[in-house]
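Report on one structure; see the data block that follows.
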Amino acid sequence: MVSEKGSFSIQKLIEEKKKNKSAHTIIEKLVPFILLFTAVLSVLTTLGIVFTLIFETFTFFSKVSFIEFITEKKWYPFSETKGTYGILPLVSGTLRVTLIAIIVAVPIGLASAVFLSEYASERTRRIIKPILEVLAGIPTIVYGFFALTFVTPILRQFIPTLEIFNALSPGIVIGIMITPMIASLSEDAMTSVPNSMREGALALGSTKFEVSMKVVLPAAISGIVSSIVLAISRAIGETMIVAVAGGSTPTWGWDVTSSIQTMTAYIVQVSTGDAGYGTTIYYSIYAVGMTLFVFTLLMNLLAQYISKRFREEY
Amino acid sequence: MASVIEHISDETNRENVYKTKELNLWYGENHALKNINLDINENEVTAIIGPSGCGKSTYIKTLNRMIELIPGVKTSGEISYRGRNILDRSYKVEDLRTKVGMVFQKPNPFPKSIYENVVYGPKIHGIRDKKILDEIVEKSLKGAAIWDEVKDRLNQNAYGLSGGQQQRLCIARCLAIEPDVILMDEPTSALDPISTLKVEELVQELKQNFSIIIVTHNMQQAARISDKTAFFLSGEVIEFNLTNKIFSTPSDKRTEDYITGRFG
Amino acid sequence: MKLIDHTKVVGHMNQRLVKNQVYKVIFFIATMFGLLILGILLYRILTQGAHYLNLDFLQNLPSRRPERAGIKTALIGTIWLVGVTAPLSLLLGVGTALYLEEYAKKNRFTDFIQVNISNLAGVPSIVFGLLGLTLFVRALGLGTSVLAAGLTMSLLILPVIIVASQEAIRSVPKNLREASFGMGATKWQTIVRVVLPAAIPGILTGGILALSRAIGETAPLVVLGLPLFIAFLPKTVFDTFTVLPMQIYNWTSRPQEEFHALAAAGIIVLLIMLIIMNSIAVLIRNKYQKRY
């Protein structure tokens, strides 16, 4: 048995303390449930979002026909007589802005990713990456301000027909905003390509450029594509830049020089306006929100699918 | 395979701390321990040797049920510690581990001060009296033969110590709750030869007051410090005997092959 | 006959090397593009807003007259919002992370929670605004209060905090937990005394970065219906209020140049707040990095 050592026995002290341990036992049993509850809360949030959107969207569709919503090319909710609710102009506004953003962000983002992963020294990388993070952390209202007061005036010098509110300027600025995201996620994908693959190609006399294009890019393609898809999702959901610089004219078509309205900007317009609770306009923001949610969710799921399905096993 | 476990002539008449009966253990489908029967005496050093993957680490981790941290582990049979079956669900692991301390392969001090490391055990068991804690710290550090090296910097972070010192601090941390048994899972495998020597000397001293079970892949170490040795192979106990008997006249061919370095 | 004509290979070589150099320069320029934009953006905003940036600007209430307008209500509103959001989101986020890392068994339910969290992170912030509007502003009757906004923001940044906390908890070495269990500590004792202290720098870094996102968010608060213009301070969490980005939005959407300059001044204050928070996060990260 435990022998007495020194002036007291620790095990005896521990035995004594054990008597008032029942509180501990209760905590020990309770804690997992409390923590589980917090974890379930995140699921409840999703359910809350989904149910809120579905519920209010249903109310909306009791007032407006679903067919009109998805086929009509006119969005005139504020019309004096009876509003027309065809989502296509809003979708077209969102898509125009997103497309411009992607045209800006993909080449710059990927080129930066290649530079950081294949060319830059460790030191350069350590300086540039945090700066890109800063760029990604700037509030979107700041980008919106930048688009309206800087990018638009400059563009108007080159394109005289450009209106003050347009799709081009916010599109470009959203592109700048999502560039760090593409750069950083793609760089992660490229850095995880094992060096042995590069060495194999270099030993055959390839240049660095050839290695990057013919070995690293193809090997990292799933990570790169999923980063682009995620960036598209971000661009679709972006709100303040388009609300500030895009305008509030829902139009159908491909014109990027005149005022447009995106789905997000419409929600902002109604929220800052005086549309009363219970009106069709009030419910319409949920229908638009639902559309937005479905778009971004599909994109996110697609990104997850791509990165899982086509994950390279090194 | 039949295991050869001779009756060990035991003139000391020491009491058993552990009696293992028909212990089997599975990791999922993998049958890792097969029909282990082993009695371990108090105030002795029992070494467990065998090639990697033979189940020696698994066995020692079963003795304080640390093995349960690995998901999908199943056991059958019985391990009684001081007469009570520890594999019984009603045996609380916290109680068991308060009596059975463990020293791990790699030194694993907490990122806290040396002092806080030692009092960790007493504190979680509700001892808060500063005077008693001070006394425990001194006694434990002395017991682990590290007191003189650290007494002037008890409040410094334990990560500033050398690997060997960290391991002795971990032993001190273990001593601080005055366990009955100390399990050591290859405690010197990450240490340099001089630190290893210090730990081995320490083990020799500690056996006056504690029962020690040590897993080692180093046969010389087993020969130097243990009273008895068990040889494990593919999850079975091949031979268990007095250490000098195992190393001079092993009764099983496989033991002989192993200690003469034919495999492993 | 040789399969490879070496004169051709050599002739081709120069062209390949030039291409290599040209692209290196192109990639470098692309990388610098982001830095350039950041520089222009900061320069523009500084030159536009510096003129209005003084103590009066911080202390004045908003006004229709640009020269007398200030951000007192918005600035203090932002601090109120952080006061509600920080404890709520950290508590929920760390709790969830602890559950997933320390308690949850690997099964489909756990996988489901995990997938759900990563999808939640991809939901546009404005949709969180719609949830907040329905649930907190209307159903719970909280109105456009600090509490309603704080709850909405907490849910918005929750996924970020959860993921950061999970990473921090996962990076605590397993052998520290073993050491604690080995001495008879219970699970909760081990979490409180070993895991959390070791994970806290990572949790704080992630938490601060997430909060700095909440400070800059505008869209969900617009949807909640927060006033763009308010001339009094909240006294309790049930009072209505506004925040800095809302004030900036208000000024930006006016046509007059003066208000744009005010917006720029407001942006400078917002950016300074963000820089301070990010610096704290980086300091914590550097101080505690690579301890194991």
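We just call them A, B and C in the order they show up, numbering each chain from 1.
We adopt the following convention: a residue touches a chain if its C-beta (ideal position, glycine included) is under 8 Å from a C-beta of that chain, and two chains touch if they have at least 3 such contacts.
Since the structure is predicted, the reported quantities are computational estimates derived from the model, not experimental observations.
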Chain of greatest Cα-centre distance to subunit C: B
Most centrally placed chain - per-chain CA mean versus overall CA mean: C
Of A-B and A-C, whichever chain pair has more C-beta contact pairs: A-C
Mean-CA-position distance for subunit C and subunit B (Å): 48
CA centroid of subunit A to CA centroid of subunit B, Å: 52
Between subunit C and subunit A, distance of the C-alpha-averaged centres to the nearest whole Å: 13
Shared-contact residues (touching 2 or more other chains) in subunit B: 98, 125, 177
Sequence positions of subunit C contacting 2 or more other chains: 186, 189
Parts of subunit C lying in touch with subunit A, wherever the complex brings them together: 16-17, 19-20, 23-24, 26-28, 30-31, 33-35, 37-38, 40-41, 44-45, 48, 91-92, 95-96, 98-100, 102-104, 112-113, 115-120, 122-131, 133-135, 138, 155, 158-159, 162, 186-189, 209, 212-213, 215-219, 222-225, 228, 245, 248-249, 252-253, 260, 263-264, 267, 270-271, 274, 278, 282
Subunit C-facing residues of subunit A, complex: 24, 27-28, 31-32, 34-43, 45-46, 48-49, 52-53, 56, 107-108, 111-112, 114-116, 119-120, 128, 130-132, 134-135, 137-142, 144-146, 148-150, 176, 179-180, 183, 207-210, 230, 233, 236-240, 243-244, 264, 267-268, 271-272, 277, 285-286, 289, 292-293, 296-297, 299-301, 304
Subunit C-facing residues of subunit B, complex: 64, 66, 69, 71, 93-98, 101-102, 104, 106, 108-112, 120-121, 123-125, 159, 170, 173-174, 177
Residues on subunit C engaged by subunit B in the complex (per definition of touch): 105-106, 173, 175-186, 189, 193-194, 197-198, 291-292
Sites on subunit A touched by subunit B in the complex: 1-3, 5-11, 13-14, 17-18, 20-21
